[in-house]
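What follows is subunit A paired twice: with subunit B in the first complex and subunit C in the second.
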Partner chain A sequence: MTLLPAELNLTDLFAVIVDAVVACDERQRILLFNKSAEQIFGYTQDEVLSQPLDVLLPERFVEVHRRHFAEFAASPVASRAMGERRPIYARRKNGEEFPAEAAIVKLERAEERLFIVLLRDITQRQRIESELRAQAQQAAVAAERSRLARDLHDAVTQTLFSVSVIADVLPRIWERDPEEGRRRLKELRQLSRGALAEMRTLLLELRPSALMEANLSDLLRQLAASVNSRSGVEVDVQIEGETELSPDVKVSLYRIAQEALNNVAKHSNASHAQIMLTVRPTNNGLAGRQVHLVINDNGCGFDTTISKPTHIGLDIMRERAAAIGAQLDIRSAIGAGTTVHVEAVL
Partner chain B sequence: MSNEINGESAAIRVMVVDDHPMVRSGLKALLSAYDDLEFAGEAGNGAEAIRLCDRLNPDVVLMDLVMPEMDGAAATRAIRQKHPQIKVVVLTSFKEDELVQGALQAGAIGYLLKNVSADELARAIRAAYAGRPRLPPRPPRCSFKPRLSPPSAAT
Partner chain C sequence: MAGLLVEPVRVLLADDQEKVRSALKLFIEQEGAFVVVGEASTASDLLYNVIKTNPHIILLDWELPGMPDSPQRLSPLRLVAPDVKIIALSGVPEARRSALAEGADGFVSKSEPPENVLRALYFAYDKV
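After this line comes the complex of A and B, so read on.
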């Protein structure tokens, strides 16, 4: 059965094992308590010999532990990990509870049965894990903040700089050419409205719950104004039908439009884009509604067979569409603009 | 063009390089408001700026730093190498020492932040044209890092 020499003494082995090893009989009386167990629990072996296992448990678990132990003793299973899904808790001599991982092994010899419990104190590991989790969370928050700062820089500050420069020189321009002055004043109005739309769009990112509360047609108009302000692309918005939609549908459609328009602004070189949202009753006579969202542009387009999806946020759009059971279709070709089409039946 | 009243040779011809169209438009308005300044052309990135300099030979280039395809420092270096007579004034929202140093090493004669008034900017253009450097005041630390590598274009 084993290649180990027969003279290997288990007690010697237990003495050097880093896990606590506690052996007990069928009545849960402790028969062996190794060095590591002494260190982890704070008892000496002499203090716990013949004591019930209960002394090593928080009182509230004593009852359920007895039951589990009896079940295991009666079962044909020879070994089992305890608390497979979550850590169990044990109790030190000073009353302190600690999280642990443990396994139990049953040895049967004639009429006698021996149980060996192997237990590892995971206090330290849990602390490190939770620190790592906290760090990861902090890093995510920091990354999100710097993304917002970049967006503010890329968008709003550039627009406001232009606004301030035009406002500075507007009196001079007006004096010399009132027609041009009026044109620049109109530009000022557009730029400041655009900056406002961009601020609102960015504020939505800071408070996503606002996204759930707003009306989709308002959100899409704001998005259009914000993209126009940032990139100069003219964005028309056409809304048809009753656009009061459930929050998850609304958020998904908004995110898809946002991603599509980001591409238009960044990559398309388009002068014009369009957002069309249509909500109408399904034409198969059944109750329910059909939602179409189309975003297209007159830009340079791309070869759909070679463009990497991750580059242009296709993955994000696909995920969003899948989340609400919608069909997403992207058509484009070099020189022929791009159309993103989303269709869902609600 | 109102500048032509004074004769074209009198006005300083300024090219505008910025990836944000509304910034270019604002600067164009600015240039049109001063008799001694003239809008010579515009570019949306560094590579385009270099090509345009070959063609338009402006007196002064207003150069943004962080742009897609080719950034402002690289474009400044290339323009100054090919056309040593063209003066480059950097106009950016970033004030980190490392960006200022990079731009000056590339050959920029002025460095302005995107919070200057129109008059200050006009003065800086004139100073650059006359060969006088103009640098930013020592700024407080910026609270976020600029995106030094622009997003890659997919289309």
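After this line comes the complex of A and C, so read on.
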């Protein structure tokens, strides 16, 4: 083992450390201020020697810092990270505050105690972190936008294309066969209403807060029309009772219905689906209401004992139900359609 | 160019949405020069109908479910029908370049006026 040479000067060592190193005595008088500290704080060592540590702190933190310092000095603990949960703030000579990470070490020799503070300026790191966060957020927004663009292509574009194709030949059809013309006109009306419903449903994705303002029965009818237009599945809507519900219940029930109908349109091969919403007073005589939402279809069903990755929608429904304290029950069997039950007491 | 007295040109429609197929059928049969010999809603449906109905032209939704990804999108189709004319239809106008590069004989975006579908059909019809 090599012994340290007796003449090693710790001041030289501290001078090359990237972190600011500030040593002080029990009365918080600065005894040592390394090169990095000079660069970070903007003071020269000569300017701060014998000054109180306070000059390095924003004024509003001076009091609380003194208290923490005194507690640490009196405690048996030898070292401690400052501001364990959030960054602390320090102050440069020009008055500018900056975020920092710092740790303090206590050295005890007989009656005397010295303290060494190691401090790192994290302004740059925080800036990079917040840029990365902003980039991630932008990427998420871009992904969301391209999903919406795809939905527009898949839904509204198809319907409007059909509308424009039929409208183009309608005059000639009408001349030849007015009966067929009227039938096609009715089809046009249905298609354009469908396109409108699809578009309003997509607009809700752009402005989800609108969900909270709308009435749930209107939302479910619009959703049904949109799914019908997009997939051709007939969707009946039955509403019973007073459906003015709190925003979180409304949004959760809407999202569950949306997810269930997405599955119907994508996987079930169903020709028919049904949404039933019932809101009635609880039958135990206590105040409160019982909400029952059922979505069923006559499609191919699935084996509920096998959870496929494509059924990620089922997890979304479970989460939504749990969020409002509702019971979710999904019943299905191969060839027997699927029924989603949601029941909540409010 | 084929005369109008010969048999109409046989067209196969491939689109996953029934309403699109129904509108297109109405639209192109109105011309008299074309007859829709089959409809397909998926890639396997398409292959089956190509073999079964032997069309001259396929009006193909470029995003038809089950088709391979670009640039192999038309490979299975070309395997069973190397000479069939393919007109790609897409909701995405930007798909034009890749559709033509991959061997489609025509491309019409669904946001263009419908007569462009006829124009593309006649253009392909000239080559049938």
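Just so we're on the same page, the second predicted complex is superposed on the first by the 328 of 346 C-alpha atoms of A that agree within 3 Å, B and C clash if a C-alpha of one lies under 4 Å from a C-alpha of the other, contacts with A are read in each partner's own complex, and residues count from 1 in each chain.
As a working rule, a residue touches a chain if its C-beta (ideal position, glycine included) is under 8 Å from a C-beta of that chain, and two chains touch if they have at least 3 such contacts.
All values derive from a computational prediction rather than experimental measurement.
Superposition note: with subunit A as the common reference, subunit B and subunit C are in steric clash.
Within the superposed three-chain model, A:R207 lies out of touch with both subunit B and subunit C [touch as defined at top].
A simple residue count on subunit A separates subunit B from subunit C, and the partner touching more is B.
In the overlay built on the shared chain, the residue A:R109 is in contact with neither subunit B nor subunit C. Of the two partner chains placed by the overlay, neither subunit B nor subunit C lies in contact with A:R86. Within the superposed three-chain model, A:S268 lies in touch with subunit B and out of touch with subunit C [touch as defined at top].
In the superposition on chain A, A:G232 makes contact with both subunit B and subunit C. Of the two partner chains, subunit B and subunit C are each touched by A:R184.
By the document's definition of touching, both partners, subunit B and subunit C, reach A:S162. In the superposition on chain A, A:R27 makes contact with neither subunit B nor subunit C. Put simply, subunit A uses residues 153-154, 157-159, 161-166, 168-169, 172-173, 184, 191, 229-230, 232 to touch subunit B in one complex and subunit C in the other. By the touch criterion given at the top, residues 2, 20-23, 25-27, 29-30, 32-34, 93, 114-115, 117-119, 121, 143-147, 151-155 of subunit B touch subunit A in their complex.
Those residues of subunit A that touch subunit B in the complex are listed here as 146, 149-150, 153-154, 157-159, 161-166, 168-169, 172-173, 176-177, 180, 184, 187, 191, 194, 229-232, 263, 266-268, 299-302, 307-308, 311-312, 338. Contact residues of subunit C toward subunit A in the complex are 17-20, 22-24, 26-27, 30, 63, 91-92, 110-111, 113-115, 117.
For subunit A in complex with subunit C, the residues that touch the partner chain are 153-154, 157-159, 161-166, 168-169, 172-173, 184, 191, 229-230, 232.
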